[in-house]
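Please see the structure below; I have some questions.
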Amino acid sequence: MTVAAEGSPPLRMAGARRNPLLQSEAVQGFALISPTFVYALILLVLPILVVIAHSFWTQNYLTIDHTFTLENYRIALTEPIYRDLLWRSLYISLTVSLLTVALAYPIAYFISFHGGRHKSLWLFLITIPFWTSYLLRVMSWKVILGYNGVLNSGLMGLGIISEPSDALLYNSTAVIITLTHAWATFAILPIFVSLEKVDRTLVEAATDLGDGPLRSFLRVTLPLSAPGVISAALIVMIPTVGDYVTPKLVGGKDGVMIANAIQAQFGKASNWPLGAALSVTTMIIVSLMAGATVLVIRALQRLAR
Amino acid sequence: MLERVQSERIQSERTMIEIRDVTRSYGSFKALDNASLAIREGEFFSLLGPSGCGKTTLLRMIAGFDTPTSGSIAVDGQPMDGIPANRRPTNMVFQSYAIFPHLNVEQNVAYGLKRLKLQGGEEKRRVEEALAQVSLTGLGKRRATELSGGQRQRVALARALVMRPKVLLLDEPLSALDKKLREQMQVELRRLQQAVGITFVLVTHDQYEALAMSDRIAVMFGGRIAQVASPKEIYQRPVNRQVADFLGGMNFVKAEIVEENGASLVLDTLGFGRVRTDKPKAFMRNGGAATLGIRPERLRVLWDNASAKFEVAGKVVERHYFGEITHLIVEIPGLEKPLSVTETNDFGADDIPVGAPIRLAYDPEALVAMAD
Amino acid sequence: MTAMRRFLPGWLSSYATLYILFLYLPVIFLPIFSINTAATPKFPLSGITLHWYEDLPKTPALIDATWNSLLVGISASILSTVLGILAARSITRYRYPGRRTINGLIMAPLVLPEVIVAISMLLVMLQLGLSLSLFTVVLGHVLVCIPYSMTVLTSGFEGFDRSLEEASADLGESAFGTFRRVTLPMVAPAIISSLLVCFTISLDEFIIAFFLTGTEATLPIYIWGQLRFAAKLPGVLALGTLLLLASFVLMTIAEILRRRAARRTQNEGGLHA
């Protein structure tokens, strides 16, 4: 007999909502979480609603005109400068998530399947750099990629180049390298978790049925780890689209992204409604892109049979 | 299983736990359906049944972790309605043992005593005594995480016994142990209960465990109590096929009621012919049909020219060897299902060829009538 | 095929080693250039000095920023851990409708672009007439710390055998006594781990502090301000090295505690021990 079957009837009976005991269980649980829930409502949901509201208003010097307008969205979507920034941000975040996931997968696979006794040590090694300040890591990449930087001096020291290259820093490639590094941990962990859930006997069964290592990987392990790949892709894609520090520090003029424009509207340019519209547009477009990514990965997963 | 003789000693007729018309429902599902039961003082009582029969629900309601939807529970004459678990005169040994992992053995055992604020070394004395009772003397400083399964079980026992409860509740305490340890602990638990004289209520799904340890057993199915009786009576005189089946193998033979009076029944069967049996107390006639049951070990092989007053003849169709015993499947003309026979191998039952004719002796005392 | 099977782990482990190097690459250069005598970070080092470190305590703005960061970090870690305890306990112990949705909402700051979270909060705070200060920074940090706190705490609370609390009640202990004598000691490592994680995040967090602070700077804001001046780079590198070290130490302790907490509760299935 299992403990769950008899020891904890409330869990088993989760379907029956009319029960008074269950109701009190629900009430207790809800009461316990409500402070945190209310906090998130006030500091996350409410602010996002306020931003959406602002995006339909107009800035009149120091005051805000509360008449409904779609003008901000017209500017956000048609002004070449914002359109370019949006495209570039989407391109960068898509590239970064593809790169990060592709680079992270073998690591996650290695730790999960060949990590042995040292699994937790490997995981710890991978998380540590992530716990150090993001700002400092970006700054360090600036040191590495700069004109007088480590990479240039190193390459010159090896005689590969004769004078420092300025192609390393202040462009979107620099942004992509930095972001790929910054989000590595976030991509490895979900893939690792989903690989851990893959029943090892399934792989053995595939081998037993005649698949070689590569085929059993492609037909069993990879499709079964798709949920991890999806969450890794999303967890990297959505935040990177709105990254501010990296483009500002290593992006230069060619690496500016939409977050820098949004910040400008709330700072120097002082056009809150336009900044709000840019934020909302970014969120919607990145959500669409995320949705498309999920569909593509699912389709690929189905192909792998 | 060794202590049956002693067990008559301590029991009194005083009721320790009174369960009256208790029902526990979750929505439309009834985990316990109108159960009534009186458990006596000093008794080793088992609640036996398959998973989901309501036995754990009943135990948890006695402990105070669950509340009856209707009905009442009294312990030692005190109604328990509204009394929380921490103020009941019962203590429990949990299925998972629930040993506090941040405390050592001694601290675990002393956990409940701390609140009593005992004077002058009394706490230490009682902890030592409880540890000795469960043969853990000297392991007091051992950390909870360093204990084996059997040791955890002993700590859980000591921790409950040290509270000197009126009733000790045991929720499948042996299910996590391996077979050998389990059998050893059955004997020990029984011995311990004899020594302390406390009422034990054990929940189990293992019929041998219940038979070996209990003074009385309540067999439960689907939230209802099917039979309450001594192990011997439960085994030999089950009230229905379900109970008979749950308590080990039994051959069932279709029967026709010919005559019924106060104490006995006369039944007509194919294969066994006309038989007269004791009428079970709870026998409720249901038309003219009944079932006759006989345990496989109550059928004996008749060798060569030996004869018996009561015998049936047939043919061996299967033979299964189990070391000290052999299981024979015997086809009897007229019976729709062949009989199962268990015979010890002392006389060569393991050499009986399949297909051989065979005669089986039985004692009419071993035939049990059950209502259909 | 068997050759490939033998070859693969070897290939993978060299890849893994290279990848770890890539991960640690930027982290390694901060301390190296922080002891360089020259102000420009390039090889070979022109000489070794602790000069930049010695200068740090002599900068009043830096001292202020340190105090501000400590204040914000301590407040944010305590607040978010308290909110995290409530939520994690609710999520791991109770079943109720809407549980997953609420959990999703609380975890959302983890995957939203920080700039958008920051400017949204900025708008609301200005609308509510709150003047920007370290207090508003704390409010923001609490929001982004809660998901991490939740992650740490649920791994500590999960698998907490409910019969432990029942056993305590069974032995005569009251609800409060049970919390004090069983629940709290069992989850204490997870709580301390959550405090350390949240403090580290707050200490290193830049974007939200940047948007929500008034005139008072936290350490990352101070660093951001210094980055404009090439001559100040070594000082920033020295400060960064100290911050890295602090994060590293705090996170190692947090991880050890989290594992201990998880081991404690997981062991308590009791069946396998």
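Each chain carries a letter (A, B and C) given by its place in the written order, and its residues are counted from 1.
Heads up, the rule we're going with is that contacts are C-beta pairs under 8 Å (C-beta built on N, C-alpha and C of every residue); 3 or more make two chains touch, one makes a residue touch a chain.
Values in this document were obtained by computation on a predicted structure and should not be read as measured data.
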{"item": "Most distant chain from chain B by Cα centroid", "value": "A"}
{"item": "Best-connected chain pair, where connection means C-beta pairs in contact", "value": "A-C"}
{"item": "Mean-CA-position distance for chain B and chain A (Å)", "value": "58"}
{"item": "Separation of chain A from chain C, taking each centre as the mean of its C-alpha atoms, in whole Å", "value": "18"}
{"item": "Where chain B and chain C are represented by their mean Cα positions, the distance between them in whole Å", "value": "55"}
{"item": "Residues of chain A touching at least two other chains", "value": "7"}
{"item": "Two or more partner chains touched - positions in chain B", "value": "95-96"}
{"item": "Numbers and ranges of chain C residues touching at least 2 other chains", "value": "163"}
{"item": "Residues of chain C defined as touching chain A within the complex", "value": "1, 4-5, 8-9, 12-13, 15-16, 19-20, 22-27, 29-30, 33, 40-43, 83-84, 86-87, 89-91, 93-99, 102, 105-106, 108-117, 119-124, 127, 139-140, 142-143, 146, 162-163, 200, 203-204, 206-207, 211, 220, 223-224, 227, 236-237, 240, 243-244, 247-248, 251-252, 255, 259"}
{"item": "Of chain B, residues touching chain C in the complex", "value": "63-65, 84-87, 90-92, 94-102, 111-112, 115-116, 145, 147-149, 152, 159-160, 163, 176"}
{"item": "Residues of chain C defined as touching chain B within the complex", "value": "161, 163-164, 166-174, 177, 181-182, 185-186, 264-265, 267-271, 273"}
{"item": "Complex contacts: residues of chain A adjacent to chain C", "value": "7-8, 10-11, 14, 17, 25-30, 32-33, 35-37, 39-48, 50-51, 54, 103, 106-107, 109-111, 114, 120, 122, 124-129, 131-137, 139-141, 143-144, 146, 148-150, 152-154, 157, 181, 184-185, 212-214, 234-235, 238-245, 249, 259, 262-263, 266, 272, 275-276, 279, 282-283, 286"}
